[in-house]
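Heads up, the next two complexes both have chain A, just with different partners, chain B and then chain C.
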Partner chain A sequence: MLNHIHRFIFFITLITLSLSSHSIEVIEILGGKASQIPIAITPFNEEIRTMGQVTDKKNADLQKMHKVIANDLERSGLFTSLDTSGISTIPDSDILINFSNWSALQAQFLVVGKIITIQNRLITRWSLIDIYKEKTVLSMEFSGSKKQYRGIAHKISDLIYKKLTGSPGVFHTRITFVKKKSEKIYGLYVADYDGFNQRAIVNSSQPILSARWSPDGEKIAYVSFEKKKPVIYVQDLNTGKRVLVANFKGNNSAPAWSPDSKKLAIVLTYSANSQIYIINSDGSGIKQLMRTRSINTEPAWSPDGKEIFFSSDRGGNPQIYKVNVDGVSDVNRVTFEGKSNLSPSLSPDGKLLLFLTQDNGKFRVAVQNLLSNQVLKLTKGPHDESPVFSPNGHMVLFTYKDYGKTTKIGTVSINGLKVTPLRVGSEAIQESSWGPITSN
Partner chain B sequence: MKKSLLLAMLMATMVVGCSSTDMKESMGLNAPFPELTSQTAELSAAAIDELASNPLLSERSVYFKFNSYNVESQYSDMLAAHAEFISKHNVAVAINGNADFRGSHEYNLSLGQKRSVAVSDSLSGLGIGSNNVETVSYGEENANQECTGSACDQDRRADIVYVGE
Partner chain C sequence: MKIILKLQDNYDIQANLFSFVIHFGLFIFMLVSIQWQMKDVYYSEVELWDAMPMQVKSQPVANKKKSADIKKLTPKAIKKQKQLKINEDAEIKLKKKRKAEKKAKIKRVQKQALKQEKIEQLQKKLLEQEKIEQLQKKLLEQEKIKEIQKKLLEQEKLDKLKESILDQDVKKEVRIAVEADQELFAGSNTGELNKFKAMIQQKIYQNVNKQLCGLDLVELEFEIQLMPTGELLGEPKLTQSSKIESCDQALERAILQSQPLPVPKDAKLFSKLKNLKLKFSPNAYTE
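Let's turn to the complex of A and B:
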């Protein structure tokens, strides 16, 4: 009960903070399960035109377009998509909508659409309709090749999301993850944010760790053991070419991009135990951030580029601390609850800390409001890891593992209400990273 | 008050004054791993025989408790034997640190390193210098990812590996 109220207050504060600069048509979020916007997304009817004839044969993929949209919005945790399978007549445009029928179904919004296919091309005409206000909110047309149907669906989801929440959608973005196929086969993969369209960008017989997408979207930094010890590469996503940016004596690991993509915070064990350094992202220059007898690792930059958060065992068990990037400053402890706290990262607005907390022996993903220091545990464990924010801060990508089982990957919405797996294969998945919002 | 400020400023200038090239070279940039420095000898046939025939020398692993990097006293004889061997033959040794899978990969890399350093420190206490010892961590990368309970114990260890074996 108290947990529910905590969640409500936490989430309201979060949404209020992120929506305060946005506009008029924003829906008020009420709290708890009642906060999810009920939306009905009806199947998009396909009309095939071939040389002027209309045929019966429909494309199985295109029949899934509405499901891609429904899955996107559901995954965000802010929407409940209603089951429309029982409805006999599905509208395919915003003309002649029976508002009272949809209202009876408890739908607050309705998405309808139509797909016209001509050989390899498709045209989608769709509308977002407000059932309470009985009016069309958005109405658009997109075209592309049939193969692009998922990308077009994601674009529609982004537009609906932006319109109804005021925040940019992330359904068009991409992620990376490492697949461990066997003891001797590792791959670093790039995929759509929902796990589809995966392709390997690195294949190795040795472990790959800590893949991190640069904020400008151009490069991936990662740790590879191919030289029989951990070293750091930066690989260009467009050309596939890579540069060895750190190969000092000892371990080289934990690359973290500065917000302007120009620098990397890295961890070296040159001086025996793990310490944090800053280098330019091309490998030039080097500056030691600080030095203690303890472990200092897992650096993460604040979005304003002024502070670095990191984990350290200077107090006994690992906790999260922060320090200024420039000049001499005090190191301040940030986490106080829980036996150990690891893997820090910051939300895009800098207000939330995302991390891993050890709670009764279980590793769980948690967020802490950096103003109030209130902590909300988002996942259950027992072996959750590698949490990273989506670029709008509304979802978290993480890996999870049950006792004795293989590691999988999934998302959890920032309100904690929706955990959804990513289906990327049966092999063990570790180390996830989320790419930026792109403007195309 | 003023004196310590002046001192701090001076120290800051000294730190800034070091060129990053100097720093990088002294930090072993792009050095091969493991480094066989000119000050150590390769493993001779006799040394290899000794490694095979001495039971203490065939013990290569120090095991640790969860989240710990403390080298327990049960390993004293074994470490003493290795120290004697290293000193006698002046060979190079790598100490590979490991952790079980619980916790993050990066933190476990650091923990594995701490275990490696702890064993290196024990050898140092027995007179073995840093010319002969290189520390590296594999973190949880060699660990059994699906172990439960005490089956995970064996992953928390530092291994002694002679260069050229």
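Let's turn to the complex of A and C:
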């Protein structure tokens, strides 16, 4: 028996020795500190072709094309655009790249391009280059009218974003907001996501609130005081035709589209206090979600359309709760941090909850990871409002107001690193909303 | 247990074979010795037989001469002679018979004597055999005892050998560990390796962009080879993917961006860090 034990120990020793002689050191890295991809976006050299000749007269707008791309990527909070002014020779294609120059600049990626203009049309040839691997990642050509240069630049940004983050870019999407032109003139505006190309779709002498894009991008629901009380309209963006969806006794407010764009969750004060109802987008088939004595308001659908998140004072102060759409299940509280939390909305993947949190008297935009329940406050306040997710869930559009100043509109990345105001005029801006990603 | 039994079986077989060979040898020896003794006795008998025929042979020679003479005689005489001859022949035959009887008697006596002798000899041989066998048994027992003693000695030797091998292994292991320590830490403290590992970890950590890895708890593994300058030899090898392409690429970039990685100048210590496995958990709730 001893012999057996000795043999066993002998072989185990041999195996251990043989294994230990081939061991490899392991280093574990938990988490990470970096948050932005350093990217160098060079000015796109313009080549003007007129009547078969090349001239030097350059379009000032087109010279900004690379800046549009840089601003797009920076606004997401995931990229940092590097200053390329120190590079003497700027390439305009992915051929003959001096990689050492760009790696010295700490760039991980490089965007180069060239614009060829022929009368009112332009052709943009561009490439995305991986500096570490010294290879071209994307190389494309877009063409359009000169006026579309921003749209083309946004498309390029979308493609770069998709390639490097794996998520679709939202730089070619649109937003809505309400602009208070004067005490008696309110306008509902649609604009590019960065505030450019704005146009009014509704003008009213009465306030407009809670404009919301339908997920299919076809319609906008909003609250108007045209009837001397808040009522809900749905307006078709293509035809301009609008439908009065909710004009019930009391206040009609806070419309929220179902993910299939067929229904709306709305809030009525039909029976005393605010309660949530579900209604078809044509105004038919109204149904109360649940009956309680407390206030239930600001409904938001989960992306799967099965749950509705809402704010309620049933616990004393306003907090966010959720309930199944059938309204028969138990109501569960979702937010626990902060004195009060309100204005919920869900990220497209349903993993993040966006809301306003009251923190030492300030209203700040916050995001809660629904898997870990960790809360990250994205903005400083003090009077932030109407936070909504971008269609990819990577950015937030919100309105804000500094002490004693007019409200403005801006974006914040969900890592909280990049807050960018939108330049949409000096007027007070309210009630922003982000449209979906469309194929246009 | 099986091994011991097998060993014992082997020893038993060997002992049995040995005893069989000894017995067989002794048996052959006995057989040879018996034959030799019997031949000796047989020769003594032959000598006796040689004396008798000599006497008988002398008479027929004389008769032949007489028969030659008879041919020349008359018929009467011949008849008489014949009568005489017949008588003589009868006498001779009688004599021969008597002689033969005597010889037979002698033979019988001799045979009986021989038989007795043989019996005695056999008895002696049997006794001798018994003695020999007893001796053999004793010898065999002694041999067995010796064999057992040998086996015991061999086992003791084997045990000692094994123990010494084990001791050597343990000593070797200890020596390897000591050498490894010496190699690893090159005369400095044991934290030197861990210090460099921590430095590498920290440098790569600074460049990990976990935002590109979604929100789920994903894990990735890369294997890298380092040059003494801290630069990578070849590209990082992805051995476990997060299944999120942007995440895999982001972490690969984090490794590449971290070049040159902090590595020790000491060659022996560097050899331990030359090949590294990097395990990433970008969304681990540690911060």
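We adopt the following convention: the second predicted complex is superposed on the first by the 405 of 440 C-alpha atoms of A that agree within 3 Å, B and C clash if a C-alpha of one lies under 4 Å from a C-alpha of the other, contacts with A are read in each partner's own complex, and residues count from 1 in each chain.
Definition applied: contacts are C-beta pairs under 8 Å (C-beta built on N, C-alpha and C of every residue); 3 or more make two chains touch, one makes a residue touch a chain.
What you see is a predicted model; the values in this text were computed from it and never measured.
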Partner chain(s) touched by A:F196 [first = chain B, second = chain C, both, neither]: neither
First (chain B), second (chain C), both or neither touched by A:V267: first
Contacts of A:K227 with chain B and chain C, given as first, second, both or neither: first
Per-residue contact with chain A, leading partner among chain C and chain B: B
First, second, both or neither for A:L352, with chain B first and chain C second: second
Residue ranges of chain A in contact with chain B within the complex: 180, 207, 209-210, 225, 227-230, 244, 247-251, 253-254, 267-270, 272-274, 284-287, 295, 297-298, 311, 317-318, 328, 340, 342-343, 356, 358, 363, 383, 385-386, 401, 403-407, 428, 430-431
Chain A to chain C touching residues, read off their complex: 1, 3, 6, 9-10, 13-14, 16-17, 20, 24-37, 78, 108, 132-133, 164-167, 349, 351-352, 369, 371-372, 374, 415
For the chain C and chain A complex, residues of the former touching the latter: 1, 3-4, 159, 162-163, 165-166, 169-170, 172-173, 176, 193, 197, 200-201, 204-212, 215-216, 223, 235, 244-247, 249-250, 253-254, 256-257, 272-273, 275-287
In the complex with chain A, residue positions of chain B that touch it: 8, 12, 20, 23-24, 27-31, 33, 35, 67, 101-107, 109-111, 113-114, 117, 134-139, 141, 145-148
